[in-house]
Structure formats: C-alpha cells, structure tokens
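Notes follow the structure.
By letter and in written order, the chains are A, B, C, D, E and F; residue numbering begins at 1 in each of them.
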Amino acid sequence: MDAIPLFFLLGFVARLARSDLKIPGQLYEALSIYLLLAIGLKGGMELARQDALALIPQALSVMALGAIIPLIAFPVLHKLGKLDRFNAAAIAGHYGSVSVVTYAVAADYLIARSTEFEAYLPLFLVLLEMPGIAVGILLARMGGDFRSVRWGALGHEIFLGKSMVLLGGGLLIGWVAGPTGLAPLEPFFFDLFKGVLCLFLLEMGLVAASQAPALRTSGVFLAVFAIVMPIFSATLGSVLGMMIGLSAGGTLLLATLAASASYIAAPAAMRIAVPEANPGLSITAALVITFPFNILIGIPLYDRIIGLLFGS
Amino acid sequence: MRETHPCKLVVMIAEAAIEDSLARDVMRLGAHGYTVADVRGQGSHGVRRALWGADRSIRMEVLCDELTSNAIVDHVEKHYFDHYAMIAYVSDVGVLRPGKFQHKD
Amino acid sequence: MRETHPCKLVVMIAEAAIEDSLARDVMRLGAHGYTVADVRGQGSHGVRRALWGADRSIRMEVLCDELTSNAIVDHVEKHYFDHYAMIAYVSDVGVLRPGKFQHKD
Amino acid sequence: MDAIPLFFLLGFVARLARSDLKIPGQLYEALSIYLLLAIGLKGGMELARQDALALIPQALSVMALGAIIPLIAFPVLHKLGKLDRFNAAAIAGHYGSVSVVTYAVAADYLIARSTEFEAYLPLFLVLLEMPGIAVGILLARMGGDFRSVRWGALGHEIFLGKSMVLLGGGLLIGWVAGPTGLAPLEPFFFDLFKGVLCLFLLEMGLVAASQAPALRTSGVFLAVFAIVMPIFSATLGSVLGMMIGLSAGGTLLLATLAASASYIAAPAAMRIAVPEANPGLSITAALVITFPFNILIGIPLYDRIIGLLFGS
Amino acid sequence: MRETHPCKLVVMIAEAAIEDSLARDVMRLGAHGYTVADVRGQGSHGVRRALWGADRSIRMEVLCDELTSNAIVDHVEKHYFDHYAMIAYVSDVGVLRPGKFQHKD
Amino acid sequence: MDAIPLFFLLGFVARLARSDLKIPGQLYEALSIYLLLAIGLKGGMELARQDALALIPQALSVMALGAIIPLIAFPVLHKLGKLDRFNAAAIAGHYGSVSVVTYAVAADYLIARSTEFEAYLPLFLVLLEMPGIAVGILLARMGGDFRSVRWGALGHEIFLGKSMVLLGGGLLIGWVAGPTGLAPLEPFFFDLFKGVLCLFLLEMGLVAASQAPALRTSGVFLAVFAIVMPIFSATLGSVLGMMIGLSAGGTLLLATLAASASYIAAPAAMRIAVPEANPGLSITAALVITFPFNILIGIPLYDRIIGLLFGS
C-alpha cells in the first residue's frame, strides 16, 4: 500500500487523540520551501525539453479554468449556502487556486502506477495559482468599494507570495539550467522528494485535525460543498484536459489541480485583501474536508472518471 | 543614580498576516522603532498554535510618547480590531534617553 | 482621544513541560485568553538554554481583571512554585475594550 | 574508526570549552522526529515479513524486563543511595525505559561488523518504552496518595507522547505499507539515517556537556549507579535474549536497550507525574554518564559478554 | 487574597551578539536570573530582520530590586549604548516572593 | 548552465521585489552547520590519505597570506578611503578571513569542469579563517589601548566560534575516521551537498539584497574596494599557489579563498572585539558586493588569470 495517505492519517489520528506530537513551525516552513522548489525545478527541467511556445494555447485555457471555477462556486456559496458576499468570495477564491501537496500526491499516484504524464505539468500548477485568487478578490469587492482595494499591495501579495516565487523561480532555474545543470541536484531535490512529502503529510494531518473542531460551527452546507465542488471541478478539469490533448495521466493531474483548494497562497492573500471574511470557514473547507477527500478518495475517483472519458 | 524618564509601551498581539502592515503603520504614526516576537495563544478567535502559516501570531511592542501611543491605539482599533484576531494594551515605563522615543514629525 | 481602561497583566515564566496545564488552568480561572512565547534563561534552578526538550522554558502573559489575576497568582503559587522552575509577576496596564478581559463565569 | 562516537565527542568537547556552537532547538526536534520515524518504519517493514503472532511470547517477556529493571533499581537508589522516594522512583523509571539513540548506535555497531540481527527489534524498542516509566510512577506514588495521580493525563502522556507516536506510528506504517510501499522512501528514511544520527550525536554531546556541571552536586553514588546499573541490566537483557532465542546480534540490541536510560520520554512523563523529583538528578545520570558510557564503552563490553554467553 | 510586592522589571532589547556578555553582567550586578527571547525589529540602527546571524536581536528581561535595576541600567548605558543597537526600559511590577529578586551580595 | 548562481539571483531578485519569501532563521543555521561539517569531513578524509607533516610548510605560508592581506587592506581603507581606524581595521579583518560558501562554489566550479585539485584544501580554509581576523583586531587596537582588549574572550571567540569548531571538528573526524569510516555518511554529507548549497545561496541572495540599501550610504570608495581588493588578493593567492606547488585547480581555490571575505566568523568576532566599527560597512562590502562578485564574475576571472600564469 502507498505510504503517503498513511502519514496523513497518523498525523490526523495523533492530533485527534491529543498527542503532544508537533512539527516545529520552522520545519514546516523548511519542508514547504523544499517541496515548492523541487516541483518547480522538475517542471522547469522538462520545459527545457519542450517547445515552450507551443504550450501557450494550453496555458491560456488552463488559466481560464482557474478563473471560471470561482465564478461558479461564488453564486453557489452566496445564494444556496447563504454565506455573505465576503465569505462566499473568499472561499470561491480558495477553490479557484490550487494545492501543491495535492498535486504532488497525484503525481506520486501516477508514478506508482507507471502511468505517463506530460512532465511540464508543474507549469500549469504555477499558472493556476493566481487567477482563482484574483477572481475571488474581485467578487468580494464587487458593488462599489473597488477603490478601497490596495491593488498594488494585492498584486504584490499574489505574484510575490512565497509559493509563487519558489514554484516560479524553480521553474525558471530548471528551464535555464536544464537537465545537465540539474543533474548534481538530483540526490537532494528529486531522490528525497517522496520522503519529504510524507513528513509534510504527517504535518498536514496534525493541522487538519487541529482545525477539525471548527467543523461543528461551519455548518453542513459547507461540508457538502467541500466534497461536491472538487468532484465538479475535477470533471471540468478532465474535460479540459481531453480537449487540449493531454494524456490520461496529464488529465488526471489537471483534474486534481482543479479539484484542489489552496491553503497556503489563498489564505495569506485573502487575509489581506478580504479581511471581512472569516478565515476559519475557508480553511475548514479547504484543509479539513477537501484536502483529505482529494488525497484519500478524490484522486482514485477522478482516475476512474477519466478512464471512462478516455474509454479505457 | 541615573534617572529614567516616563514613556509609553504599546503592546499588540495579532495574526502574523498583518505584521508588515502594522510595522509600516506604527512607523508612519511617529514611532522610532518596534520589536516583534513570534508567539502563540488563545483568545476570542480560538486557539492559535502557530503550527502553520495562517496560524501564527506575533507580539509587537513599541516604546513611544503618549501622543504616538494614542495615535497607534486609535489606528489599530479602527483598522484591525474588527477583522483580525488582535489585542492591544498600553503601560507606563521609564527609559533612559527619552528623545529617542519622542514623536517623529 | 481614546481612553484606556485599567487591567492586570500576569506574566509567568516556567518550564515548557507545564505549558498545556497552565493554559488550561488560566482559562478555567476566568481568563479569556493567553499568549505564549518560547524563552530561555537562568534562575534559582540553574541555566535553562532551551537546547533540548526538558530544557525549554515558556513565557505566558494573561490580560485579565484583578479578580482573575489574583486567582491565577494564588493558583500557580500553590500548585507549581514548589516543584517547577517558575516565576510570576503582575503589572498594571491599560486596554481598549475592558469587557474582553473581565472575569468569565 | 566509526564516526559516531567522534561526533558525540566533538559536541562534548566544544561545549566544555564553551564554544558558542549550538544546534537550534527546532533542528533538534526535526532530527529526533526523523530518527524515531525512520527506526519505526524500518522495524515495521521487517515485521511485515514476519509472523507477528509468533512474536507475542517474546514481546511479553521483553515488556516484563522493562518492568523488572526499575523494581530492582528503586531499592538500590532509595536504601543504598539514600535518595528520597520520589527521586529514587523517577530515576528507576528512566532506567526502565530506553534510549532510542543508544539503540541506533548499537544497531550501527552491528551493521558495521556485518553481524546479523532480527530486523523486527524496533518492535521491542517500542514495547520497552512504557513499562519502565509506568512502574517508576507507581513506585513514586506508593503509600497512599495514589488518588492524587491524574491517571488519565498520565496514560495520555506515556502512550501519546511524541516518541511513542512516531515510533509506533512508523512501525504501523511500515507494517501496512510493507517493503514495496516503502521503497520510494528509502533514499530519505534509510540512506540518510546514519548521517542524521551523527548530527544528533553532535547535539547530544553538546547537551551532555551542558549538564555536566550538575555532576558536582549529584554525588558519587549516582555516578557509580549510572555505570553499574547499565552493566547489570545489560546482563539481564543478554540472558533474556538467549532465553527467547535471539541471535547474538539481536541479544546485543536487547542488552543495549535494557542498559540504556530514557532522556526524552521519561523526563517528560516524570515531570508531570512526579514533580517532586529533581529532574537534574535523573538527567545527569541518564544523559551525562549512562549515555556516553553506553555508546563509548558499554556496547563493545556487552558484545564481549554476549560472546562469552554464546560461547563464541 | 494574596498580596504582591513591588519589584522592578528591566527590559533590554539588543543585538544577539551581546547576549552572553549581558547575561554575565546582569548576574554580576546582583540579579538572580533573567529571561531571554529571540526578537526582530527596527530602530535607529535600521531594520533587523533576524534573517541571519549578525541580524538577530534578543529581548532580555530581569526582575530585580531597585538597587540592581539602577546598577544594570547604569552599566548598559555606559558599556553598550554607544556601540550597539540597543534599548532598555524599566517598569514597576508586583511579585509574590520578593526575597527571590533582592540584590545578591 | 550551472544552477548555483541562479539560486543566488532568485533570492536576490525576490528580496529586491519585496517578496515575502523568507528562509527561517533556524533553517539558515541548519544549512550552515551542514555545509561547514561536510566541507570539514571531506577535507579530513583526504588528509587521511596524505602525509600530513609534508603539508606544514604550505600551511604556514597560507596562514601568512591570511595575515598579509589585512595589512595591505588597512592602509588603503584608512588613508585612501578616509575610514577611521576601527572601521578600516574591521573591514581589513573581514577580507583577511574567508567565506566558506564562496569556497564551496569554487570547488563546485572545478568539479563541474572536471578540473583536479588537491583534496586537502579544506585544511587551508580552516587555517585561513583566523589569522585575518586576529590581525584586523590588532590593527584596531594599535596605539595604546591594547590592555582594554579582553584577549581571553577574543581568542575564545575566534578559535571556538561555530565555524571553526565545525570545520576543524569535521576535519579531525574525517581524518580519524578515514574514507572507510565516512563511507556510510556519504549519502548524507556528500551526495546532498550541492542541493543544500543551492538552498543556502537562495538565502544568501535574500540576505544580500536585504542589506543592499546600505550601499547608498556606504560610499563609492567602499564599493570599488570591494571589487578591486578581491582581484588583488586573488592574484596574491594565485602566485602563492604556484609557488607552493599547487595544481591549477588548487591554485584557483586558494585564490578564491584569498579573494573571499568572511561574513560569518568575522562579523561575530569584530562585533565583540571592535564594537566601535559600524558592522553595516563591512557587511555591505563583504556580502552585498564581494560575495556576488566572486561567485558570478570573480571565480571565472581568477581561473583565467591562473590559466595565464600556468601558461595553458
């Protein structure tokens, strides 16, 4: 059996049982810096093997996907879920953006099954990070007080946030250095990747369980949303993947990206751009429900859906 | 024996997300400096364990004269208290070189 | 100009081993919150360098009214002072929203 | 020459010479999380290859060993050493429990000599962690004030302490995932193991030396105890190892476990359960004397003893 | 209700480079202990972000009687203020066991 | 293209653009502990293969070089640069000492080009760390107030500073343990080296850029000095390298050591020994100008110079 979900479960159960196990804050930071850089480097290295120009149409359609998802999520949350505009918009933004770790788990899922996928997919990961957040903020500010948004500070927060710099920077370095330039970095950035990912998932389990009590107050609607929305987005992502000619593996990754909800970049940006939103709601949805759902059930489920789509 | 001069100490405990913007505000409002430490805690917004990014809190302390202290307290009350996990308090302390902490124009 | 209201600030510095139990006690005794930082130091129990688990210390601060402050100080004096490396002190500060720090029943 | 004791010596000497070298607290935490998980995973992986049921008799006798050691140590410390009940019981508990790093050094000692050992021994490490601590607490509370013990909090502290969760959790994950599930984690959790162990020993040297001044006040009796007790326990462990049919290598590991004294789990548990005990005493004995004694002198000595027992 | 006794609290914020020497001085001047936390901040010597060794700052607090407090403040004023990024302030607090913080001879 | 300078640039640009990317302080500490130990171990391992006594004359002349550089830099800074005695001396001391990371980048430069070099060069790194600092302090204290220097504290600071202990300790351990003793540590200390170095350079970029604003006030003279001085010292180092019979690769390393300026050991020592000096000046020169100059331009330049000297 694959070890990754087991590490998540260990953390989750340990925290629920109120163990004193704790991942020190700076170790958490270190692990996430490592994961972001490593994913970026790997993607950039593969990009160096591609005709980058040929990817532009694909890239644009992927960015459009990131913008559309929150536009669909917002009315559902606001009208159906009766959440106020700020909370509906903030949550929608989280689901428009992506989760790097969910991506890594899906990539590992494919590797373990020896399923091929387009190795430049980390590029899409980078491209999908921002549009959803931007649309979420626009939705929150609709209705006149646009001027009160400090767009400069905000653009800054989004484009120069830690995860964009590390993913994007890694991508660029990987692209410029190419496979030979990166070869001496392999033992560190590639061979250790899965081990580090496991440690990170242990921490994610601890964090998710520590936020679990908020479930009681966040309402049933949000819990349902946090499961139905990813399935819907994954379907959207699968269809787009097929349309732009990705392989079944690449399509699964795109579907997983669409299904995943951000819990690093989006919370940081929303806290500054939409302070009226209660961060507890979006975190609970994204981290306590959607994240475990995706890594435990979602990925195999989307794989099944894509299998049907690809008629295999 | 050396004498100390009265001075205000403003302490703010808040979500780490607003550290940079608090620091900017405090300097703009006339302070000459500030000191920040990483903390964790509990309050009306629940337990904040500093386990991960959005869960971190900071404690900022600012030595300043009464004018600045009032300005800071007013400002944070208006701009941050409603939407952020945050508290603030003020106390009286004595400093050696009072000029260093007087309102900056 | 905004006025601040008198409030007590209780500060406790202690072995990290009792952080959780101190936090529970403080909340039970009527406080609405607390803030904790990691520290190191020296005292009658020797130097504590925070090099490793058993060597870590914490600094907990609690804003509360006088009633709670007395209860906390009494409690830690009775339950922790004899067996743990620990000190506590109380000071007077001013807060903005005094209701937030009044004894919880 | 093996590098491991050299790293300990480097840290020890650096600290005695009052160098400003310091291992940051969170790095210490990170290294210990890594070591505990790695040992657990390795053991669990081997357990997956065993008939786990067949190990139950061995396991029970090993747990009995953990309970017996403090029962022997307590009267020695209390009567002979004139330590009060609380201190005698707390120290006894430390010696009943085990030191993970000492175990790792002994395992490395065998690997370096290509001596075979039963690969499921980390299971015994997990089993030996608790009973000694529990007996130590019972001894401290003998004589009436049993009700004042918060058994819930305590069981919690022991069973859900960081080291139990990581060791036990690693064991379970290793067992469930099995060798194939763990294969991609090998570069991280197994190949790096010895390097991380060296770094940890550097830190242990720093810590041991920083506690060394306490030797002056802790008395000669304790110093002698901290050397004689491990030798005695190791002999006990060796005999048990033979009786339950372990190989010479496995017997050395069991002897070393018996000889080792806890300085992570036990201090934390005792601080809460027996606050009357002076933690300086047990730490000095376990960390400043027994730990270096075991890794520098003890392990080869026990190896010799076992060589005699096995008649080789 | 338990009474607290007046005591001085000296707080110093300074470059990490002088932590050890400050600690030695403070103990030599009669204090029984001190507590140190890692901090970052800004002052007349610019921003100190604690990103790397030379950029780290510490916050040391010392509970002591007035005699010791004066000695400490005098000493740091004379020996550190000119050449190091550093500030110090003193406040009045209440402690439980005043003997613990009286001048050590 | 080699990835190392790219990581530095990523950090530098990210910080200039005011990204919130930050390397946690303890991760910085952990990386530098790792790098210092790994370099020391590697050097010590090679030393074990040498006749150590035969190296003494070389070693002495290298130490002399470390003492001469600040003696040349001081009058330039004091007379030409109009810096007061304290600042001139402190900066001179920084340039007499060495930068471990610059050394590592130069070694990597050679490895990437398959150029051979004497593997015991880390020994020179250790030897060059102190003399420059000591001479800098003496220069600052010239003119009577020698007695005010706390020589004990100072010698302590220099010889027992973190970097000396880890480099020197690693060297000793490597020497004693030898290649076979270190073999099991290779995956950790050697295979990961370049990856860790890249992460460290990312951080160096962040730090250098965060100090960059100080350039505005530090004056043009210092900026010119921070480029001319390394070129001069590298030439000196190259000539010495040839004279003591090093290979072209070894000569490049010695030249780079001479050219590099310390920003770990020297700042710490100077802060205590010469508090009158403004640390902003030396850090700006050493870290914001000389360090990037050396890794981006200097090393290839010195390689060219040495090529001419060796007539190849």
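In this text, a residue touches a chain if its C-beta (ideal position, glycine included) is under 8 Å from a C-beta of that chain, and two chains touch if they have at least 3 such contacts.
As the structure is a computational prediction, the values presented were derived from the model and not from experiment.
Q: If you walk from chain to touching chain, how few steps can bring you from chain C to chain D?
A: 1
Q: Please report the smallest number of touch steps linking chain B to chain D.
A: The least step count works out to 2.
Q: At what distance in angstrom does the C-alpha mean of chain C lie from that of chain A?
A: The answer is 40 Å.
Q: Counting only Cα atoms for the centres, state how far chain B is from chain E in Å.
A: Centres of chain B and chain E (C-alpha means) sit 19 Å apart.
Q: Counting only residues that touch at least 2 other chains, which ones in chain A make the list?
A: 20, 22-23, 25-26, 30, 187, 192, 268
Q: Going by the contact rule already set, what residues in chain E reach two or more other chains?
A: 37-38, 91
Q: Which two-chain combinations qualify as touching?
A: Result for touching pairs of chains: A-B, A-D, A-F, B-C, B-E, C-D, C-E, D-F, E-F.
Q: Give every residue of chain A touching chain B within the complex, in rising order.
A: So the residues of chain A touching chain B come out as 22-23, 25, 28, 203, 206-207, 210, 214, 263-264, 267-268, 271-272, 275-276, 279-280, 283.
Q: Give the list of chain B residues in touch with chain E in this complex.
A: Chain B reaches chain E through residues 1-2, 4, 7, 9, 23, 27, 32-38, 63, 91-97, 100.
Q: Under the definition above, what is the set of chain F residues touching chain D in their complex?
A: 25-26, 29-30, 33-34, 37, 156-157, 160-162, 165-166, 169, 172-173, 176-178, 181-182, 184-185, 187-189, 192, 268
Q: Quick one: which bits of chain E touch chain F in the complex? Just the residue numbers, please.
A: Residues of chain E touching chain F: 15, 17-18, 21, 38, 45-47, 49-56, 83-84.
Q: Please give the residue numbers of chain C that touch chain E in the complex, ascending.
A: Residues 11, 13, 37-44, 57, 59, 70, 73-74, 77, 81, 87-91 of chain C touch chain E in their complex.
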